[in-house]
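The chains carry the letters A, B, C, D and E, assigned in the order they are written, with residues numbered from 1 in each.
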Amino acid sequence: MSNELNLDYSLLTPEFCLGGLAALILALDLFAPRFRKEWLPYLTAAGLVAILVLSLGWVNKESDFAGLIFIDNYTTFFRVFFIASTAVVALASAHYVQARLSNPGEYYALLVLSTIGAIYMAASRELLTAYISLELLSFCLYVLVSFSTSDRRSHEGGLKYMLLGAFASALLLYGISFIYGSSGSTFYDEIAAAYAGGTDGFELGLLMGLVLVLAGLGFKVAAVPFHMWTPDAYEGAPLPITAYLSATSKAAGFALLLRLFSGAFMPVRDDWQWMIAALAAITMVVGNLVALQQSNIKRLLAYSSIGQVGYMLMALAALSSASASALLLHLSGYVITNLAAFICIIAWYNLTDKEEIRGFRGMAERAPLLAAVLAAALFSLSGMPLFAGFFTKFILFQAVASEGFLWLAVIAVTMSFVSIYYYLMVIKEMYISEPEEPGRLQVPVLLSGLAVALVAGVFYVGIYPRHLLEVAEEATKLLFA
Amino acid sequence: MQTGYILLATIAVPLLTALALTVIPSRYPNAIRVLAVATGFVLFGLSLYAFFAYQLSSGDQFQFELRWTWIENIGFLGENGITLHLGIDGIGAPMVLLTGIVAFTGTIISWKIDYRNKDYFVLFFVLVAGVFGVFASLDLFFWFFFYELAVLPMYLLIGVWGSSSVFPTFARTKEYSAMKLMLYLVGASVFIFVGIFAVFVEAGIGTFDLPTLYEVEFDENFQKIVFPLFLIGCGVLAGLWPFHTWSPDGHVAAPTAVSMLHAGVLMKLGAFGIIRLGMQLLPEGADFWMPALITLGTVNVVYGAISAMAQTDLKYMIGYSSVSHMGYVLVGLATLNPIGVNGAVLQMFSHGVMTALLFAMVGALYDQAHTRDMSVFGGLAQKMPRFVAFFSIAGLASLGLPGLSGFVAEFNVFVGTFQTYPALGALGILGAAITAVYILRMLSQAFFGPANERWADLKEMSHLEQAAGALLIAFIVFMGVFPSPFVDRIADSVLRIPGVG
Amino acid sequence: MEAVTQQIPLEHFLVLSAILFSLGVYGVLTRRNAVLILMSIELMLNAASVNMVAFAAYTSPEQFIGIIFAIFIITIAAAEAGLALAIILRIFRYRKTANVDEIDELKW
Amino acid sequence: MTVAQGVFYLIAALAVTGGLGVVLMRSAVHAALFLILAMLAVAGLYILLASEFLALVQVLIYGGAVTVLLIFALMLTRASDLPETMVGSQWPLAAVVSSLLGGLLIAAVATSNWPGDVGETTLVPFEVLGDALFRRWAVPFEIASLVLLVALVGAIVLSHQDEGE
Amino acid sequence: MGMSEAWLLPLLPAGAFVVLTLFGPYLPRKGDWLAIAAIFTTFALTFPIIADLTSAIAEHGPEFGGVTNSIEWMSVPGYLTLNLGVHVDAITVVMLVVVSFVALMVQVYSLGYMKGDSRYGWYYAVISLFVASMLALVLADNFLVLYFAWELVGLCSYLLIGHYSHLRSAAEAAKKAFITTRLGDVGLLIAIILLWRETGTFSIQGVIEAAQAGQIRTEVLTASVFLIFMGAMGKSAQFPFHVWLPDAMEGPTPVSALIHAATMVVAGVYLVTRTLPLFELVAGAQELILAVGLLTTFLSASMGLVMTDIKRVIAYSTLNSLGLMFVALGLGSPAAAMLYLFAHAFFKALLFLGAGSVIHATERQDVSQLGGLWSKMPLTGATFAIGALAMAGLPFLAGFWAKDEILVVATENRAVFALLLLTLPVTAMYMARLFILTFLGEAKEPEAIEHAHDGPPTMSVPLVLLAVLSVVAGFVVFDQVGRAMGFPGGIGEIIFLHEPEVFRFDVAVAIGSTLLVASGLGVGWLIWKERPGLAIIAAIVLKPVHTLLVNKYYLDDLYQAVIDRVVLMASRMLAWFDRNVVNDTIVDGSAQATGFIGYLLKFQQTGRLPNYALAIVIGIVALTLVAFSLK
């Protein structure tokens, strides 16, 4: 490392602002109790949107902070991505938190803080920074998952998530130590340079490190067999946090994985490619098959998200510039879709207290808009056209096939076909089954608006995905420079 | 004037209508109906125009071409990576016309739906757009896109507006049928999807544009491996035995207009796909696998016909007869000679119109009688003479009576089959005779004979239904008497398929 | 005096940490009390730190990234312990148990 | 055998003993005490590796704060004397798997020829360390502070709610 | 109007059909006049054609092959061309006259007979369509058009048999007729395509020329010929396809006269006549025709003896006649067959229309309920008697000449000759029986005949015209008759154009056959008129035979059993197989298996944290083991 470190703190402005926003929220919560209940989510969202706009200022800029944090299009992409999804979750939480949770200030503050962790997972090009960012995100999520006082499931989910998370980060750290030991550095580019010079002397150590890193990060993104916390944490967590888990936490894991594997481990591609391919295959299969047997919508979506992770891992296995942008594309499509689905579920839960799939009976009668949006989201997840899922899957699978992993693509398509069944089961309850009790439900404008906006996004990506694909392309271009 | 905007309109108009319908408040059901039928009429007009404005001697393989770049030069996509490339050849033209006819009559038939008719029409038009899209797309991505789009609304259309059937020994709920249909069709798309991957990767030119890919010479072994993917994938949709069981159950459970579109048009997508993706893209693979297809196709014909004979439910009988008739299409395609393929395409059109008529009529009856069990009917001819007349014409067309469309198509198929596989051709003709048996049994049992008191208050079908039926009959007779407009278009394009002729 | 690194091979440190790590893993897998599981995890974290420091000392002492890393590991471990204990205590308060085998309402 | 080697093996023995105690002791409090032993041994290793600062931190934070916290938690959960602290039913499989893992790890580290094995140790001065920590590694440092903040807030929230009940 | 414009003939009634179908209900009198006008014009137009043909024959001599005129219908360029075309030659012309004249008679007759029918207009429409199709059939220059028309006449037959659709029996009979003939059609279609495959043409003349030039492989030709014959057997109700014809009597009687006596059922004869050169090339083909013809003749003659339904008896007599025509064809004399066909059309139509008048007047059609009508309906009785005698073959009536020609031809084959002679008295007997039981003796149900009287002129005029023709039609075989009527070359020449020798008359055969017929009539008179007890005694003495005959040799029952037991059972089994094996087991089974795997897999989620951790470690160990072993 040269001596002239670039310590330009202005590069980190958005995150400082996020930190400030979190502090502001905490402070308001503490000192202005009257204010807190109604306005905090809106304040959070407004602040996040402002920061989002601010972070757009780094579009097409390229710089780094001390070699640790890289501000390039990839980072900017994920800044926007994470801040936006946090904003959505914050808004979606408004009614839920007010009605069911205490300590809203901490809730929103933790959401905002976790965003910083997620962003730096994407931005860091150094293992320590990445690790710490990961922990920041994880800590926030541990707390948020167990945030509900009254719900025993929340405690249990939190406990499992927390302990297993700590276990996984121990594994990750141990793996990182091998990487560090074998390359002499924790900077991605230096690791890559070291490995490019040959790995003959320390093959096994390197493999060990790769396996452990993969396990640690695989845990974060819920790859089978490191996934087992997922359904429990999803089910236990307060609903908006389940949405957040499925969106930001997953995306951040992939952001990290993508930058790490493309930046540091590319020279030893042969060593890890098959591992990820194997994980991808088994993840897709297990996630989708077990989802067939679920009766709780949160658990269903947990397993469905595991299945989706399998698809995304495929792109990682077939790592190339094309598949990386396909991965980003799919990730964005998936998150938008999933958030849309969760908004509907949250709204429905707010109104009816039901989260069993059976509880969605007659939703089309009682809340047609929500039902339509949820159906669209589920269709999108299953990969039906007009919706984002079709295009993103098409591109993703095609990219994987183009890299010589046709067999993985075949499994993916097959599993994607299996997934139709359980999505349709939900749609069936909503549209075909008779409602348990009659009467239209009054859905708050905020949630309806949010749902419509997200589903518009789903359509936009599904019908004219060119822009998003170009953005993803721009974002990943430098990873392979 | 030939312009690809016609084709674009056939896709865009139903989609925009679907969008517009979502805006109309559901408390104006009649406004919704009027808009739907008007759209159906426009689609009919557009497809009619596309069919007749198709120029016979233009020399271009595809006409009405339109190319909008959608995405290119990104990632693995090269120049013209994904383009909204529309165009029809002589095979696509009658298919577009068929879709127009069935969509229009389908909207008319759907007039009387009043349970959530807005949602119904929205889904219906999405389905229609998908079907038009498949027939008009010259880009693998969009082909697949529209294919899935056509499948998308099926679950709800059947699940919400469909009907369950209960028989003494078994029952088929609409949920079951809808689910099976969806899974089958999406499962079929798995094969197509994989085939598309393989073709794209193997071609290695970064484009999904079909005409461009047609220029590529694929390795023979590759063709042999990939062709079955398209064959099975598309074959499922075409009701290929033994992947046919979705179709009778699905048709029975679906609401009338959806059955019409489904049996009439959607099943043709499969056969169309075998031509577009299979035969045109991978001629050597086709050559290698066609003996298998012709065998299965013959099984389809005979198996479907015999199964139809045992049915007591009118719709099931028609459903199995569709399996049988689609067998002719498959057999015709598998002959790989111009006559047989020509016959197959004719049969696609013919069966489409005819089966749409059959389903429309069954629907008209079911709406009044609330049963489709042919053994409880009798003497309907006295109460509903026009209904019976329409039904009989459809039935006669389906048993291949000369002067109606079925004969022209089947005759070509037979002649084509005899050129290469005389024994199978004879079996096919026997299948036609069996068709006569079950059709006539049904007519005799349900419609003739002494009037049954139970049905004393049945009324003649409505004027709307009569209009729809008359339109369909007009095309059945038109093609039966004057097939040249169809054959001229089809033959020209069939002769361009590599490996045929 | 010869540096320690010349007297003791790097592998010895690594093997020691591997043993500690495996013990920690074993503890996580077998202990039923959540607090004891946490303790086993701390053992694993220590093993990782030992690795880091050993690698730092042997392979790139001028950069001492490993040492920095170890500092952070300790920090995180402490925070982790605190947070985990809060969660465990709450579970205990509601269920009167910290036995992870009994905390299995969420399954399947 | 040099002094350093002797010291190393002694410390190693202590560390392993501590580790074994943590995972095997029937009494939870005893296990905690063995954890302290293991951590102190690790601190010894740090000193051997010329990282006094780290050793200090290890003793203070781990040996002091963390362990006390753990013991405190054990007391609060009144778990020390209950049989449930003993091994779970999957211990045979766990034993096999962990020893396999251990074996693989040892095989990996032992057979590897780690690059850049310089063979000399330099003490990292406190000020250099501090400088690096606050300049070069400022970002992780900041994030770590956020992590601590989150842990703090989290712990407060989670226990505060309980009292609100 | 010459032979080339013959395509116009079918178009006239076809046009009437279209107009009647679309606008029938809005036309005065439901448009019957339009149908009759169309058929009358058609009939009138046949004369210029005959004149054109006879002058062409006079000009070109007997080698004149006819005139063909065709247009393209559809084509796959270079592979398949389908033409629509007409071919006019001697055989065609005979058929044209028969069809258009009988059709005209029947339509006029129907004015009275069908009056008041609820589907009067539809009846006329279908009759028009039938005439159009039948004309197209006989005019067809290629197999495709022939098949086209062949199927359409079948359809019209179906529609008309089922005209009284409210009767279960009519609906069933219509179905039976269509399906049975369709089975034969399968053969015809296969033959057409096989021949096309060999020769590349659908043209009948083209195929025959190719066959004669030896361009068709023997096995294909053999197969085709037998398949063509199968089609002919179906349409002409030859054994074993004969079962539909008696049932077809469920239709209105004029329809039976037109379709099931004079025209459609002889289409098979016409087809074989047309393609006889093909049969001649195949060993055994003609013998088969002969055998089938004889068998049908015998079966039907014997069954005619015991039937009591007036129309059915006539139907069996039709079978009898059709059998004779096939015998003639089998003996290699199309001229004899055509001659019989020509004469048969008139007297059989006459018989049916006469029976129609009886039914119309009495509303009964079982001879056991009739009798004594002679006094009430003298005109009907007289014309019916002429028809019956012509059928029996009494000298100088139309049937006589034709039958004798067949016998003359048969003299070359003693066995056949003997068998034919045997049928003569039987035929005469049952015709006598029919006439006697209907018109003579006591009325068995007096109230039935109380108000019976001859029909209105629309019904009687056709009867009279047909009766006249039944008497004189035979004379056309003599060229002098034709010349007298102003046709150059005579009419008989038309029929015998392709025969080595024209009409032969063997006095010995004539006398012999006349004696046999007379004895048959005499026996009939004796049994049913003079000694009615004899019939009862015979029925008792020959009870097994009687039962066998009444039950139609149990053939209908056999067929029904095969259909019920075998075909329907098989189809039910297949449907069961499809539902339970293909669908429920294989399809649903694989879906359930997938679900079951999911069910098993979900139990990995035990809810216990140590298990989760164990899974993670196992995953790591497994990956590492594989990774290490790969190295």
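Throughout what follows, contacts are C-beta pairs under 8 Å (C-beta built on N, C-alpha and C of every residue); 3 or more make two chains touch, one makes a residue touch a chain.
Not measured: the values here are computed from a predicted model.
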| item | value |
| --- | --- |
| Smallest number of contact steps required from chain A to reach chain C | 1 |
| Intersection of contact partners for chain A and chain B | E |
| Contact distance in steps, from chain C to chain D | 1 |
| Chain closest to the middle, measuring from C-alpha centroids that were averaged per chain | B |
| Per Cα centroids, the chain farthest from chain A | E |
| Chain at maximum distance from chain D, centres defined as averaged CA atoms | E |
| Winner on C-beta contact pairs when C-E is weighed against D-E | C-E |
| Rounded Å distance between chain D and chain E, as computed from the means of their C-alpha atoms | 102 |
| Between chain D and chain A, distance of the C-alpha-averaged centres to the nearest whole Å | 31 |
| Mean-CA-position distance for chain E and chain B (Å) | 37 |
| Euclidean distance of C-alpha centroids - chain A vs chain E, Å | 78 |
| Multi-chain contact residues (two or more partners), chain B | 183 |
| In chain A, residues with contacts to at least two other chains | 1, 128, 132, 135, 139, 142-143, 146, 159-160, 163, 167, 171, 178, 181, 184, 203-204, 207-208, 231-232, 293, 421 |
| Multi-chain contact residues (two or more partners), chain C | 14, 21, 24-25, 28-32, 34, 37-38, 54-56, 59-60, 68, 72, 76, 79-80, 83, 87-88, 90, 100-101, 103-108 |
| Chain contact topology (line, ring, star, complete or other) | other |
| Pairwise chain contacts, counting only pairs that touch as defined | A-B, A-C, A-D, A-E, B-E, C-D, C-E, D-E |
| List of chain A residues in touch with chain D within their complex | 1, 5, 7, 12, 19, 26, 65-66, 68-69, 102-103, 106, 109-110, 113, 116-117, 120, 124, 128-129, 132-133, 135-136, 139-140, 142-143, 146-147, 149, 178, 181-184, 194, 201-208 |
| Parts of chain A lying in touch with chain C, wherever the complex brings them together | 1, 128, 131-132, 135, 139, 142-143, 146, 152-153, 155-160, 162-163, 166-167, 169-171, 173-174, 176-178, 180-181, 184-186, 231-232, 235-236, 293 |
| Parts of chain E lying in touch with chain D, wherever the complex brings them together | 610-611, 614, 617-618, 620-621, 624-625, 628 |
| In the complex with chain E, residue positions of chain D that touch it | 88, 90, 93-94, 97-98, 100-101, 104, 107-108 |
| Interfacial residue positions of chain D with respect to chain C in the complex | 2, 4-5, 8, 12, 15-16, 19-20, 22-23, 28, 31-32, 35, 38-39, 42, 45-46, 48-51, 53-54, 57-58, 61-62, 65-66, 69-70, 72-74, 76-77, 79, 82, 84-91, 94-95, 97-99, 101-102, 105-106, 109-110, 114-122, 124, 129, 132-133, 137, 140, 144, 147-148, 150-152, 154-155, 158-159, 161-162 |
